[in-house]
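Take a look at the structures below.
You will see subunit A twice below: alongside subunit B first, and alongside subunit C after that.
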Partner chain A sequence: MAALTPAPLPGDAPASSGRGRKGRPRVWRVVVLSLAALYFLVPMAASFWFTVDDPQGFSADAYGQIFSAPGFGSSLLLSLGLAAATIVVVLLLTLPAMLAVRLGAPRLRPVLEVVCTLPLVVPPITFVAGISTVLRFGPEYLARTPFYQTIIAMQNPDFPVVLVLAYVVLALPFAHRSLDAGLRAIDVPTLVEAARNCGASWPHVVFRVIVPNLRSALASASFLTLALVLGEFTVARLLSFQPFPVWIVYISGSQAQVSVAVSLFSLLLTWLVLLAVSVAGRNRS
Partner chain B sequence: MTAPTTGAAGDVTTGAAAGARVEFRGLYRRFGDTVALDGLDLTVEPGELLALLGPSGCGKTTALRCVAGFEHPDEGAVLVDGRDITGVPANRRDAGMVFQSYSLFPNLNARDNVAFGLRVRKVAAAKRHARAQELLELVGLPSVGERYPHQLSGGQQQRVALARALALEPRVLLLDEPLSALDAKVRVTLREEIRRLQLSLGITTIFVTHDQEEALSIADRVAVLRAGRLEQVTDPATLYDRPATPFVAEFVGTMNHIPGTASGDRVTVLGRALPVDGPAVHGNVDVLVRPEAVILTPASDGTATVVASSFRGSTARLRVELADGSELLADVPGHDSVRLAPGVRVSVTLVDRPVLVSEPRVSAGA
Partner chain C sequence: MSRPAGTASAPAPGRSRRRSRGWIATVPLLAFVAIVFGAPLVVLLGGTFVRQGQITGENLAESLQGAYLTALIGSVKLSATVAGLGTVIGTFLAQAIVASRLREAVLTASGVLANFGGVPLAFAWIATLGNSGVVTRVLGLGEHGWSLYNFWGLTLVYLYFSVPLMVLVITPALDGLRPQWREAALNNGASAWQFWRYVGVPVLTPSLLGGVVLLFGSAFAAYATAAAMVGTTVPLVTLQIANALTGNVLIGHENVALALSLDMIVVAGLVMAVYLPLQRRSARWLR
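Our next item is the complex of A and B:
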């Protein structure tokens, strides 16, 4: 079997990381970064100060009480459960739709984009007003149908499916943006065709070719959704459920220091997740 | 230009699957108002390298994609060894493809890219890795197995893509302008290596290109497409010397149109009678002449003048203005470009051999 002559190994490998723009005074970077840092750090430092301030001086009691505060565990677990379900549903909804549009109907891309971005411009209060109207009148109309039980079960306070559905809508713009950025970075039609040409079935193409190359986009879509669910207050409060954010507001009435400590704690948690996501993303590239 | 390499089917030197016969039968494909394939009939012989050549939008890529299963003809059929594969899904076709754009899976290293198809077929890891290494050696990249696509140059990526396309030992190899993203030097080297590999494997290969030099230099036969129809399919030398239609004559190489007067099987052009290549004609015609068939001699009483010269190394292309104001192109040996500098008066004659004629067109010149 005749072989091709060995090709030169790349001294000419594609240059990847561009050099930073030179000649820009460093001092400006420091100033801008410091201003941004102040903007974020001052309120947080003030919050922290509030949680440890005590008539006798310094006390970390508020942090000790977080885990024993009534309702902490159940509301946090509820929020995490809602977040997990929301992430699954929103990804199952957006990724196949975006792939289908990209591969089969590229002209529909702007339509999909508008639909997915719409929740950003609808105020949550309007949104929740619509949902509560449906929940109020729905059972009446559905009383004689099997859907009656469904609409009741959706509002089970142990796991309100209706909140998952609402959060999916709210998370659409973020999931769409993240996945769109990820899909733009790869040549989806060519990769799909290359995989098909190698004998791969459609599920194989999606799970072995597309998903692995979208890992960081999927991670950031998931993270944004998680952050949204862990911080969403309006919809949950107005539908009278008590996930984590509602519980924080509730507890602030009786234990103000604990509620702020919990907020800082959840911020820390979110940061850790963000860090994990960006590390995962960096490993990919 | 590299001399055409010929001979394919008999040169199989390996035990790999021999090439299959590919037939396009009355392929018709329309995209909106655009007809991409307009009744394409073409047969690619086993072990042959056929180049599909044509301007962009002529349907060459659509034809190739019909073989790969990425396009489905509105009418007609694609046959491989007599079997109609028009309805067979893309992942069940016996054809490896190399794409125009870099198509390696970014999340897999070179070895796993090559072994992808074997993994799909559930070949054991040790076996598929050994096979991938063998293929990487075959394409001249024995030591890049662990590298990821972004760590490879464009030429290396296309070599790996070629190895991936060959991994499942397909009987048809489809190349969709695989060299167009590469720089000129790599392009020439890689096309010659593709040809050598194709000959040694005896695999039927369809090579889509818009670059006539590429097509003429490596193909056994070249099929020229225009607006979804086949204009001519023949070996490179015949295509160049005896283009079947004025379109082919214009598209492949450069052609001068020189006004002449025909009477039966002879045509008088530039004061000289030459035999006509083709059926007898009468009246005013355009005589089609390649620039290398134009002979220029410096002569103080010459009726033509050199107006421009572009030096190309071994040859120089001159633009010459004739007495009637029309212009033609002539190729002369590079060293002659000094004595045939712009402004020099010359006499123009044509190589004495049969010439093609066509209907006269309004503006003369090349």
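Our next item is the complex of A and C:
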């Protein structure tokens, strides 16, 4: 899948109105914009037409069938559950570490940055090749140890913990980037010192001082992770689990219209999530 | 931007206690990455050189021959094509909107579309230009030998997320082109072409190359779209890895998937190694 890229923050975009030569609409600009509009809008419109096209004319049946298609509810619920678990784990791991490198261990900061960027360099499919090898060979060497049961439990198809672990790794770069932007905007050491001087306990500092200041950064990290998990296909497919995106391919074998309808549905879902990110970003500035 | 921990006036005992706490708080994350991310990569590296219990370079050699080599080259060719076209188109699109009223709308849309990969993208295009797609039927493309399920079809589909990605990458750099530079060039008698040739493009070069690399990486790693769209009609290394992982190989050759993965990581790593310093360099123009 395409790398998730956070929606641009309005703060990154200095208004350069002075450059605008609005008086002279340029031909090439109009041509470029119309071609782009054509290229980006036609597939959307055509997909929609594909789902409602019917020998008798117009029919929204395909959308009705989504909800009754076998496996729709369970796969969507699985994806949402995985997303929730991934968000909790990724935030619990990154937030303390990122606070720590700002407060007490600045020398670890570049280490953290590199560690959180690495998953972007390694293509997900190679990561899953490694995971599946571990899962395959792990039991052979660990058969007599308690690890064996752990590895089996991790692959429970009702809630594959191994997917959560993999998704946390894939989500690290985005969580790191969002939180880093949020932490840049506030002066963490001063806030912490002020709160501590006023007698606040550490939990109080973290949950009543830091977290409220990071609300929008936490929201955008969560939404980006949600979008990532809802669209993730490679890892789940190759480890033979069936969350939502894998289910779409499965259903496409039998019902082409429904699968396109579901694609549009999941697209809409992802767009809402990502729009929420850009709104969260806008609130921040 | 990094701020020294604490302030100079902080009492020493308090600071040292905080430092030890801080150190501990990074342990869960680093340990997690070391185990969940590091272990599979180590196993991958080790497994590449093992075949039927023996240490050998055969897997790696096999992964660089025949169909596997074709797939690797196919992936590089596709990614390079997508990166080249995406960079040019994305830059023109960004330049068209950078100073217009549509700017915010297009940037938000780009942020969304750049993430539109995977399975839904493949199905949207199949419904549009596939064998029984809407546009294919309306324009009668089928009679002219049109097929979406080949190299150029895949390029067309990959550009759908690559162009918005490029718009996002290049817009801050275009903002960095100060209007004063243009005015200075024009006042000195430069033509628009000369401005772009001697000022604009050289300033943008790091960002442009960074964009090429980013687009290359995302197209190179893409699997879901290709898998849902072309099956195996276009040779791609990700499809070959998936094939080998799901047991579609000769007995005893399972680790070829790992060798192919290692090839991929090397290519992606080389490409990213170019990107990171470039990004730092282009960051200068964002100020």
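By our rule, the second predicted complex is superposed on the first by the 232 of 285 C-alpha atoms of A that agree within 3 Å, B and C clash if a C-alpha of one lies under 4 Å from a C-alpha of the other, contacts with A are read in each partner's own complex, and residues count from 1 in each chain.
Operating definition for what follows: contacts are C-beta pairs under 8 Å (C-beta built on N, C-alpha and C of every residue); 3 or more make two chains touch, one makes a residue touch a chain.
None of these values were measured; they are calculated from a predicted model.
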item: Between subunit B and subunit C, more extensive residue contact with subunit A; value: C
item: Contacts of A:Val32 with subunit B and subunit C, given as first, second, both or neither; value: second
item: Contacts of A:Pro243 with subunit B and subunit C, given as first, second, both or neither; value: neither
item: Which superposed partner A:Glu193 touches (first subunit B, second subunit C, both, neither); value: both
item: Partner chain(s) touched by A:Phe137 [first = subunit B, second = subunit C, both, neither]; value: second
item: Contacts of A:Pro43 with subunit B and subunit C, given as first, second, both or neither; value: second
item: Touched partner set for A:Pro160, first subunit B, second subunit C, both or neither; value: neither
item: Touching partner for A:Ser201 - first (subunit B), second (subunit C), both, neither; value: first
item: Which superposed partner A:Gly182 touches (first subunit B, second subunit C, both, neither); value: neither
item: Partner chain in contact with A:Val209 - subunit B first, subunit C second, else both or neither; value: first
item: On subunit A, positions contacted by subunit B and by subunit C; value: 1-7, 10, 12-14, 16, 187, 193
item: Touching residues (chain side subunit A, partner subunit C) in the complex; value: 1-8, 10, 12-14, 16-22, 28-29, 32-33, 36, 39-40, 42-44, 46-47, 49-51, 53, 92-94, 96-97, 99-106, 108-109, 111-112, 115, 118-134, 137, 165-166, 168-169, 172, 184, 187, 189, 193, 227, 231-234, 237-238, 245, 248-249, 252, 259-260, 263-264, 266-267, 270-271, 274-275, 277-278
item: Complex contacts: residues of subunit A adjacent to subunit B; value: 1-7, 9-10, 12-14, 16, 186-187, 190-191, 193-201, 204, 209, 212-213, 215, 284
item: Of all residues in subunit B, those that touch subunit A in their complex; value: 13-14, 16, 68-70, 89-93, 95-97, 99, 101-107, 116-117, 120-121, 137-144, 150-156, 159, 161, 164-165, 167-168, 193, 196-197, 199-201
item: Residue numbers on subunit C that touch subunit A, as the complex places them; value: 1-7, 10, 15, 18-26, 28-30, 32-33, 36-37, 39-41, 43-44, 47, 92-93, 96-104, 107-120, 123-129, 133-135, 159-163, 165, 168, 171-172, 175, 179, 182, 214, 217-218, 220-225, 227-228, 238, 241-242, 245-246, 257-258, 260-262, 264-265, 268-269, 272, 286
